[in-house]
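Chain nomenclature is as follows: A, B, C and D, assigned in order of appearance, with residue numbering initiated at 1 for each chain independently.
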């Protein structure tokens, strides 16, 4: 996979040099081979370096990388079985949110995630990962299904946001998101949400009210997409990098603020460089959190979840919040 | 209100004679007055006679009478307050089913009923009382609302049936009706349903799964509208009167079969002759059933409701059904 | 109920004369014309291909016993409630015949007692309660016997915490039992309400056709709803809708694929995969049950 | 959040010069131009008419205290949580100013501490917990303070079994508190989930505008949802949608009447009737409560 992001240009240059040397094939001399080895080590070193200190905007670019693994990729790589369920039983089947019953090391879970699509055809079918109300209502149906059968819910967040269209307003985009927030807050089964790419606004939160919120380390989660925030704040979407920095949207920021419960490591150079390893890390993290959450009695689980969200917020002269 | 049904023609003739005499006004002679009095008594006597022994098809015509009181009329005449609620929170607001929180002699109830409409404009807005899926979903929303606030549910049935259109199939007419049947069967609050006019098929049953099913005495309730049944059975809708007779769809038939819990008397000549009296009878019946049902603990109420439907059906070599 | 006089299988003997066939095994010397692609198919080959047209994939209707054979492990199906018989509660006299006579006719022709067969069985080793419709019996219509059988099946699933599978093929409620038929919709749905509260899975399988009162009750209440390809599925049949709205419908209206696209079912499953897909679901539910209890 | 620079009230002094007014009482010598029908209205008359244009019925925005006065019985409103202040958790520095300075500005201009005021009150004698937004305070946007105030109000309603009324007027979440703002959507919705489980009524009143994260959380979770006429209501504003889909929207898109027609709210209520309608609802819920307990 080529290095194709702006800030990866130095590494891309190294790669080009490696390729030039390798094109000699059998005509490669011993010192050429030595140079290739050196360059490859340098690629590794520089990649590691770059990704160790991603700027907020760089992180946004990595999180949106078009080769980043998506919900369907993780399902394929992590689950021993997956039975996809379709439709909201009301209006339609929105492919920007996929979901079904999965087996994760023998544990039955309800797996629900945004799907952006890989090639242009799938991307269009998935509306580029921007759900309509029926997508959220499908997710809602699957979550109450999971509750009935005592399956933990695992969600994968990867969206720019809910789709903004006239028909979405007609069918109640606000209502659909709001209802999910309430139902998830009170769902009588464990919920683990993971930001696997972009965490965009209410459209992300609508499948993100969880006992544990995980984030892959190169992802972000924001109250509004940086472009939208820049437009709202400064009426100019080109200030998106400034918005990304000012709003502290990176996974490490959210962990530091206590909003994200755990970071999931990515392969060097981002999840898109090694889907298998990304999936292995994610699977390990999910199993760890599910092991713990499924041991908690439901009433306590719900009280904990309530307290978790109840206590989010920073204000001055705070009177200690009490949750019974 | 003129006598305008086919079988009322003899009474209509008497009425015309009365009107002819009355048109004389001050020129009426004493024996004219006596004749009017006699004719009026005769109108009463013949009406009573006709309605005492309605044929199945005559009953269908009375139940469909265009001046018959509708849900909105009963609400106006029975309730000390009514706050109408709108919309299914999914797609639309279907005016063929109206509903809201009502006060019936100080008791808060959720009142839901088919509405056919009075004039042509209202009839079109109400789709002639034939609901779309969003109508049933509005009813569902109101019923779960009632459950949450411990309000008994009172429904009024008056429909030819659910609407049959391509869009209705697209939005899941079957699914909407089916879901209502299940939810009503398990709703944790008392439900009283009353057939106030036409009880047409699944489109009626979708708001009709109740602890008590009442029927106004001149109404009917059928597995399919007589015209539809005739088409299904004999491929000719004009045999509707035969279907009405063969299927035993009249209120008294259903009471005799044990499917209807009580008949509500109508004014002489049908509910359309005296809306106030019809409403007074209905109100008395509702209060009686609500008084009894609201005294029953919820768990017992649900078991009774289950047993009621569980035991409907007639078959040979029956093994006694046990309900725990 | 749509008791279509169109037979489940239109069979043509090799000399070209036409014969109405039931859905039971066909004489091997017959050719069968596919109603979709018009291909003449050798009956024996069609049987081998689980009655799916080799050319176009059209799914022919199956009888209840063919369906049971298709889905269950050999010799595991144990029927119950087989003693129930229609009682003609309305003494229904048709314009041409009587309900009692129609039922007797259908019994003789199909070898069934009514339009549904219910029993315990195993699918890939996993226990299920299975109910299967037969469209040949008065259009698979639901009267008191069908409603009672389904309800007993659902109650058994609840009592024994065994997943319930219902395979529908029905035009709807049975006119000749009037309101008793309509109320079977409420009865079966009420039983499913208790099954859901108990957290026992219910899988609904829709086959050609599933319409009317059956579609508007248990058939659309599945925790998971599967359908065979190309089945007619809907509240009303296309012709009824066309009459009501005075418009021609698109060719795919009210097919399995149509209801999938509109979010009403979970998957369209080819007949040859149906058993494996059910087994997969059952195993997933069993895994959840194991954790929870 | 849409912090529209368009003022809540566009005021024009009688000599014709223009002035930006807050939503507080206007000097009586002013005329106000109705943004809908362009009529010049005498400010005093407008005040008397609960800030509804006498000519076209346009509902001008109300400040939080005007709204409280409109809805509650005199002297019954007892504010709580008034001590809460924004803490600038991200040390947010704008390109031109800082969040801290914006908040200070708005405080000075509006006399409010943040975009919502919460308290106990009575409506026609019946007790309620009331939360009211003020659009003048950074577009009525929801950050930590607003979320905390609403949550305390909802929890008080649950604890004391007192109906909760929230009157929204907000562009959505407050950008300058980043993810803390987004999470207030979850926090308030979670509190409403517990309120619903407790069977305590929640009435949501939508006023101009109710969009973004506020509309996509508590505002659309009312047991009953009312809206003032002509209010902008939706997930996105019309201009945002037009940019996204590259089409002009119909004039009534995302109005109160639009969301009513699409089944999303229960009623559009004229401002002069709002208090009476709330009282009617409260009495009905109280009647239900009396029977149930």
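Throughout what follows, a residue touches a chain if its C-beta (ideal position, glycine included) is under 8 Å from a C-beta of that chain, and two chains touch if they have at least 3 such contacts.
Bear in mind that the values here come from a model prediction, so they are computed numbers and not experimental data.
Chain pair with the larger contact count among A-C and A-D is A-D, by C-beta pairs in contact. Using CA-based centroids throughout, the chain positioned farthest away from chain A is B. Put simply, the C-alpha centre of chain A and that of chain C have 42 angstrom between them.
Between chain B and chain C the centroid-to-centroid distance comes to 33 Å (mean Cα coordinates, whole Å).
Note: centroid distance chain C to chain D, computed from Cα atoms, is 54 Å. Listed for chain B are residues 89-91, 171-172, 175, 179, each touching two or more other chains.
Shared interface positions of chain D, defined as residues touching 2 or more other chains, are 196, 220, 262-264. Under the stated contact rule, the graph of chain-to-chain touches falls outside the line, ring, star and complete shapes. Touching chain pairs in this entry, ordered by label, are A-B, A-C, A-D, B-C, B-D. Taken in their complex, chain B has these residues touching chain D: 81, 83-94, 101-103, 106-108, 134, 138, 145, 148-151, 294. If you check the complex, the residues on chain B that touch chain A are 89-91, 133, 137, 171-172, 175, 179.
Contacts from chain D toward chain A in the complex involve residues 1-3, 81, 83-87, 89-90, 92-96, 144-145, 147-148, 151-152, 173, 175-187, 189-194, 196-197, 212-213, 215-221, 234-236, 240-241, 244-245, 247, 249-250, 253-254, 258-259, 262-264. Within the complex formed with chain D, the residues of chain A that make contact are 162-166, 168-175, 177-179, 181-183, 185-186, 201-202, 205-206, 208-209, 221-224, 229, 232-234, 239, 242-243, 246-249, 254, 257, 259, 305-306, 309-310, 312-319, 321. Within the complex, the chain C residues that touch chain A are 196, 199, 201, 220, 223-224, 260-267, 277, 280-281, 283-285, 287-289, 291-292.
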